[in-house]
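The two complexes that follow have chain A in common; it is paired with chain B in the first and with chain C in the second.
Let's turn to the complex of A and B:
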């Protein structure tokens, strides 16, 4: 319960960072915090019935659930590649808008 | 408006904490045993990724490829950075090389034994990418670029993606290699091959990303 509260607090911190921070780099970092929280939540769900690594061994163990782990592995890789792409986009935007404030960028690009 | 968002977030937080999320009773026999029996590899997570969720994994690899290509295309019309910052002192170079050697060995181990022990293709690729990144922060960028060109790394990356897609389509169609003895190095049908292909792909992909960032930003 306490762990779940911590994980959810991380997710919400990231979420509020995405919508309230004006700087684009801060938004990307907040998105990373949020995805870390989501990954931690999946790990928490996977460890609900047992804590041992889901690799078959001879001793009778209570394994963790392998399905959430496999699902979230996808999100880790996709998160990494999306982050690289977003940082490149921010690098390009920073040539014209050095402050990288989202409101400034919107103002500069409204005809 | 801001306070409305915060209130909604806190309400969601309380809702998630207080309302129980029920899980089905443990299935008998356990999921791990069922997956291991179906896929023929002891590591159930590898079994799920490369067999039960293979369709998903194909697109994961495709998205990774497209993201790296996107970085390359977005930066293609930028002028390369004219000042490249890196470590030049001897202790950093020795430590980075030592770390890179260990990281590369770990990467190979994770790739070839990923179906038996914790690990797998993606983790192996990240270890290989770390090794290349450590070398890249201490040696000259022209040299790295020359090695990248000489070994046709970009071509190998695309070839490994194509082989991965063909092999997974064959697996999805229903052609399966013999499983072999459970728990040995050469077992599990296509899973070890897919692991190695993903490891190659992720290593070369992160190498490409590292080179792009160093070239246009002057810094990793």
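Let's turn to the complex of A and C:
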């Protein structure tokens, strides 16, 4: 329960960072924090019945569920590639908007 | 329809897309092959034949691996969505044929086509997540393709909002897994209310539904013409399709989807009536049409087809206009050829008989629940007002239009005329009178009132931070809706 609360706090920290941080790079980092929280939650769900790696052995052990871990691996890769793509976009934008203030960029680029 | 055909069909656009990087000379041909293969596949589903030539009306359900693996469901509903995707992609390839676009553009277009196809076939939350994220990345690359500051910002904003929404969706997905040990859509019924709220919030944002869809007007109006046609015609439907699928699979979801359908229709049409910019009007009308698709989940597929074809044609024609401002367009006559496209596509979306929009609108109106009827009829009149703006533009005979444009529009309009034959039961006297009355009422309101309004709606809700903040509001709203 305590761990669940921590994970939720991480997700909310990231989410509020996206809203309240002014700098575009900080917003992207906040999104990364949020996705870290989501990944941690998957790991937490995977470990709800046990923590051992699911490898067949003689001793009776309580195994961690491999399915959420496998699934979140895909999501990590996707999230990582999206972040890379966004940072490239931000690099391009920084040439004409060196402060990278999102409200400024939005004002300049909205008809 | 066998397993191997389906897998080959899903993989083909990706394979062709990556092949373009190796053989850039073949870019247009490969894109054409990808689109035609999807048309063939969709026709097989809609005519009800499997690959062995036997007639089967059973939906095809594929389960790869185990209960936690990939689940695919293919039936008539997905058939209509796949056909929409295929025809719009085909039209866009034809439109771009002589425009000298780079191989990269066609490769991304195929990736987008493939990922949207995958979204229309899958029935579990994780495959859907992957498909939606890939379509988001491809859409970003297509939007940012001109590499101007504005296009990069618009693309970045789109990617940011959709990725944030999908993070919430992922939390919802794991809650479903925790409750049912499976990621299948069917598990939504047994999942806790917070899982439902988070998943639906993600899909509402991705599908451009209600206030969380207000990222859509800027994105769709600032993208290049062929990209807007694809975004509005099919890509948003990748977010709407799973809502329909869930509503059909899980009974308790159905009323929520219907309520959002009505709310979206009214919101979109209200904004669109007062808009003064052509491409923004079309984008706002997309929001309202998505509401029509959601309002009656059982027949949403046919509506999505009719809307996708009509809207893609409208966007391609609007991109050829000399200006985007209705005021300026009312002063200088447009090319008659363009005007005919506006009339055909606009009347189809308004629901005139002999075009696919008529059957779609009538079948949706027939499948409404009593509480939806008045609002949806009102929205139908609103839609007629919105398209009267395009149909009332002055026109005269001018030079020839671009051959790529004509080819693309021919595909879409032919699609509208042929799809009309798919639902002949709609042709009763009462329905025809009703459709004509709705359009007549809409035009009357337009010429008497709407034409003269100089009223501008505030665009505050379209700002980036408000869009992100609205996600939390929507999540809470959904949570209460499901508890109530």
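Note that in this section the second predicted complex is superposed on the first by the 109 of 111 C-alpha atoms of A that agree within 3 Å, B and C clash if a C-alpha of one lies under 4 Å from a C-alpha of the other, contacts with A are read in each partner's own complex, and residues count from 1 in each chain.
The rule we apply is simple: contacts are C-beta pairs under 8 Å (C-beta built on N, C-alpha and C of every residue); 3 or more make two chains touch, one makes a residue touch a chain.
Computed from a predicted structure; not experimentally measured.
**Q** Taking the superposition on A as described, I'd like to know which of chain B and chain C A:108 touches: first, second, both or neither.
**A** Touch partner of A:108: chain C, not chain B.
**Q** Touch check for A:40: first (chain B), second (chain C), both, or neither?
**A** neither
**Q** For A:85, decide between first (touching chain B), second (touching chain C), both and neither.
**A** both
**Q** With both complexes overlaid on chain A, does A:71 touch chain B (first), chain C (second), both or neither?
**A** Both partners.
**Q** Looking at the overlay, what does A:18 touch: chain B (first), chain C (second), both, or neither?
**A** So A:18 only meets chain C here.
**Q** For A:5 in the superposed arrangement: first (chain B), second (chain C), both or neither?
**A** It touches chain B, and chain C stays clear.
**Q** Mind sorting out which residues of chain A both chain B and chain C touch, each in its own complex?
**A** 15, 19, 48, 67, 71, 74, 78, 81-82, 85, 89, 92
**Q** Quick check on the complex: what are the chain B residues that touch chain A?
**A** Against chain A, the touching part of chain B is residues 2, 5-6, 9-10, 12-13, 16-17, 23, 26, 30-33, 35-36, 42-45, 47-49, 52-53, 56-57, 60, 63-64, 67-68, 70-71, 74-75, 78, 116-118, 120, 122, 182, 202, 209, 212, 216-217.
**Q** So in the complex, which bits of chain A are touching chain B?
**A** Of all residues in chain A, those touching chain B are 1, 4-5, 8-9, 12, 15-16, 19-20, 48-49, 53-57, 63, 65-67, 69-71, 73-74, 76-78, 81-82, 84-85, 88-89, 91-92.
**Q** For chain C, which residues are in contact with chain A within the complex?
**A** 68, 126, 129-130, 133-134, 136-137, 140-141, 144, 147, 149-150, 152-157, 159-160, 163-164, 167, 170-171, 174, 177-178, 183, 218, 222, 277, 463-465, 468-469, 472
**Q** How about chain A: which of its residues touch chain C in the complex?
**A** Chain A residues touching chain C: 11, 15, 18-19, 24, 27-28, 31, 34-35, 38, 41-42, 45, 48, 67-68, 71, 74-75, 78-79, 81-82, 85-86, 89-90, 92-93, 96-97, 102-103, 105-106, 108-111.
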